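Just so it is clear, A, B and C label the chains in written order, and each chain counts residues from 1 on its own.
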Amino acid sequence: MRIPRALLAGGAAMSLLLTACTTDDPDSADAGQELTPDEEWFDAEEYENQLAQRDIEPEGPEDEPWLQAIEPEMADTSEYKLEGEDAEEPTVCFSNASVSNPWRVTGWITMQQQVEVLQESGDIGEFRVSDAADDDNQQISDIQAFVDAGDCEAIIISPSTTATLTPAVEAACESGAPVIVFDRGVNTDCMVTFIHPIGGYAYGADAAEFLVEELEPGSTVLALRILPGVDVLEHRWAAAQQVFGDSELDVLGFEFTEGDGAQIKDLVTQHLQRGDVDGIWMDAGDGAVAALEAFEDAGKPYPVISGEDELSFMRKWQEEDITAIAPVYSNFQWRTPVLAASQILNGEEVPQEWVLPQQPVTEAELDDYLERNADMPSLHYAKFGGEDLPGFPDAWQDR
Amino acid sequence: MRSLATARPRPFRLGTTGLVYLALVSIVLVGTAVAAARGHNLLGTANLVDMLTRSSLLGFVAIGQTLVILCRSLDLSVGYVMALSSVVAATTMAGDPARIGLGIAAVIAVSALIGLVNGLVVTRLRVNAFIATLGMGLIIKGYLDTRYKGPAGDIPEAFQLFGYTRIAFLPLSAAAMVAAAVLAILFLRMTRTGYHMYAVGGDAEVARMSGIHVERPVITAHVLCSVAAGAAGLLVAARFGTGSTLVYASGYDLESIAAVVLGGTYLLGGRGGVAGTVAGVLILAVLDTVFNILAVDPFFKDVLRGVIVIAAVAIYARRQVDRTASRSRFAGSRGGPSGGTGDPPHPAPAEQGGRT
Amino acid sequence: MTRTAVPTAPGRIAREAVSRLVGGGSGTVFALLILIFAVIFAINPSFAQPPSMLAFAKQAAPLVILAVGQYFVIVSGELDLSVGSLVGAQVVIAAKLIDGEESRTVPVILLMIAFGALVGLVNGLVTTVLRVPSIITTLGTMLVLYGAIRLWTGGAPTGALSEAFRRPGRGGIEDLPVIGQLPWALLIALAVGAAALALTRSPYGRTLIATGDNDTAAAFSGARVWRVRTTAFVLSSLLATAASILIGGFAGVTAQVGDGLEFMAITAVVLGGVVLGGGRGTVIAAMAGALTVEALFTLFNQLFLPSTIQPTVQGLIIIAAVGYAARQRSTRSP
């Protein structure tokens, strides 16, 4: 009895000691060590490409960014053109990853409103939806069910994870119906069009460049991330590491917060107890207000911060006159896939890779966007792009 | 599968398992009618494939979970074992068909080792199974998040067939799951360890006094449960074409427990069986497919699932009360809270005071 | 084996110091708590200053309160998995109904209390009267609350909390000498702790523990087991409501609020030496368990431990601590 007991106690003590040992590294190695982006998530060519795309004038109608495209290469879709009876109210199927965060909820409402318009005009008929609740396996089954049902004239997919959904998307392509993928991508180009805003690198770089510009050299920056392993989020961080690595800023480290306000506030409070934090970089705006409140409660001046075009953050930004930027992962992209479906079924050309514009909201545009969204709830996204839809504003207000 | 159910040896188990299959049949009938009203055929090939595919993944996990629960233990680490196994499989195989066997062996070894540790911590260190396996889950999560950043490895085409091949309406994965269920049933009925699992789960003290090494069945159950979760991980890898670290967030741990109790296995051990669990898994899959056909809001699905699981278990509990009341002379051997790895003892209203 | 002296020596001191208060048997958690704080202070002496400690108290208060609620349920022999979902639901309900209007604060809080009591009552009655194992009952409630609240709000929270609602979780008595702000959250947690301690000493508390130890015996000695346990569930849900007011106040509304809190609370209680299955353990130790969990996270943070590895260390420490406590119990009880 005595030995295991001693072992256990030793084990507990050891694990504590071990923690103490491991941690010396990041502490002493300062900022430099973790600022080389993970190779797995850093594609230098794609990075440069995205940074360049930010400055390219998109083609398409000026006041309808969801129909614009950056350097489109058009794909012929005449093989999918529906004739005669088929062309009347075709069934469109949509496999959604989830509506588990406010960004997706906002986009989903916009999409439904767009669908209503298209249904009214007869461009699409039944709009069949499966929601996989963030479960990859569920989504594979959902897509398979669409293929097996055989009556989907077009299949729209918003994949939950890039790599894991690839086989299912390929199976959908083989079914013969045109496949439209948007938001996160998949590792195949079998779909007719892949719709997405410029991307994660541009998002992360927009945020990091702003901090580099606004902060004195040597200032400290804390990075708040939601969770590891999600490619769009990893790309944002990889780009930020790249930008910070070339700067004089001192990156204190990064923390995973799961987007939970209480955790964000906890973590920021603790970092403030240890020393000053001059800048906050976030890979998504959820909980940005909680991060700012941690500064208020600790009696420290507001940091320079990058949030997102989420209204609670933008309102705080305006009220407190903070130095901030709101990088945007264009929420209006949720309109594009259904419009693309109707175009494809009409045999119209669509861009093969449909790169939508993605521009951060800056100080100069802040008031304008807040005014336009004055009646919207706080977890709404400023660039949702649904102002001209008939359901506006009620559909987004009473969710 | 019906014949398996009727083959259960003990009368009280036949009762509950029979009830579960009855529930399954009625849900299928109601679902077919509802789907037909919407112009869909629930029993058409597409929907059958959908239901069976949905059930195979949860099926593997739930079969393993059944064994553990029969021993009055619990495994909350299965989701993490699945994720780890899928990554181990994908990185070991690395896209090379010649390494498929090696990948499978690696998964079995890793998952069996985790199960062994779980079992030893529960039995030797006497850490409550809830905490022990929760802690094990955290340990694996930390490893996965630190070591892998997202999907890793590559599954060769040949092994992906495991996830996508089907014979008529029967997916290969579902067939494998049923085969695993049959093996588990045979194991429980034909082997001494299997028999001892019921004894230990029923009452560890009585089992000990009748000369059973009470630790052995519990450890075995944990090992088999982890290996079953490893098999689920292999299936995940086959379907995804790569290892997925984030599978652990999909809630298979709690869902498998729900499937097990939905299948009529008593959460406090000693009663129930794998045949019922398979039915429980199928019930959940049928419901899912029906909800999908009806385009039920995903959040409403959660509400319905919660209500259904509670309602089903309440019905079983009611039956168990009636049965035990009528066979009161056996009650003595089941009495008294055992100090084992247990979950909270079943509540007994005051007027039923003679039983735990 | 000199290393073993580290945890055991303070453990013994702590045990002796508190044994009269808590009735013994929970020494491990106090030893661990002291050890963790010792390491934190060694790394960052400034953490020992009152403002930092009070900030720690403020953020730990909700978990302490949840742990008290979970303690009542666990010691009665049950388990409550629904508290995380309930916290999330309550914060979202508050935001949606208050919608930034100060005047609605009090009515909405009253409504939340009623809702919390209702959830606890349903958990308790389904578990005791319908005889559904509590792990399934509360798993079901967790799913129902999770789904229903998102169904109601369309997936993401809407509305806003009022300033008054946020005060208990965020504010405090300001401008005190030396310590600065004395957080309301700390005072509330202390009050809850004192009330809980009084309750465990009351006839109800003794019946509760007796029920968890052996409900058959408790029933024979005249306890109404179903009522005792249902009350424990109601207490747990009410305390979860209190915690939700503090958490919502502390950090405002986010979609993820409350996620995983049930496991944190259960971990805290078990770490405090309270036995799953009922009948053993003290509420003070459960609260110490909650403090230990929070302190562990603070330690990780102070050590700059990469966030990804934290769960692994957390898992190891929990298993080791609970195993150690179990070993101690089994060597001492005969």
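Here is the rule we use: contacts are C-beta pairs under 8 Å (C-beta built on N, C-alpha and C of every residue); 3 or more make two chains touch, one makes a residue touch a chain.
Here the structure is a predicted model, which means the values were calculated and not measured.
Compared on C-beta pairs in contact, B-C and A-B come out with B-C as the pair having more.
Using the average of C-alpha coordinates as each chain's centre, A ends up farthest from chain B. The distance from the centre of chain A to the centre of chain C, each centre being the mean of the chain's C-alpha atoms, comes to 34 Å. If you average the CA atoms of chain B and of chain C, the two centres end up 30 Å from each other. Between the Cα centres of chain A and chain B there is a gap of 35 Å. Residues of chain B in contact with at least two other chains: 125, 145, 297, 301. Under the contact definition stated at the top, the residues of chain C that touch 2 or more other chains are 155, 306, 308-309, 313, 316, 323, 327. Under the contact definition stated at the top, the residues of chain A that touch 2 or more other chains are 4, 8, 99, 228. Of all the residues in chain C, the ones that touch chain A in their complex are 1, 3-4, 6-8, 32, 35-36, 39, 43-44, 46-47, 52, 55, 59, 62, 153-160, 170, 247, 250-257, 259, 297-309, 313, 316-317, 320-321, 323-324, 327-328, 331. Residues 4, 8, 38, 40-41, 98-99, 128-131, 133-138, 140-142, 144-145, 148-150, 161-167, 171, 228-231, 234 of chain A are the ones that touch chain B when the two sit in their complex. Residues 45-47, 49-50, 53-54, 57, 124-125, 145, 148-151, 160, 163-164, 236, 239-242, 244-247, 249-250, 289, 292, 295, 297-298, 301 of chain B are the ones that touch chain A when the two sit in their complex.
Residues 121, 125-128, 130-132, 134-139, 141-143, 145-146, 254, 257-258, 261, 267-268, 297, 299-307, 309-310, 313-314, 317-318, 320-321, 335-337, 339, 342-350, 353-356 of chain B are the ones that touch chain C when the two sit in their complex.
Residue ranges on chain C touching chain B, taken from their complex, read 74, 77-79, 126-137, 139-144, 146-148, 150-151, 155, 214-216, 219-220, 223-226, 229, 263, 266-267, 270, 275-278, 306, 308-316, 318-319, 322-323, 326-327, 330.
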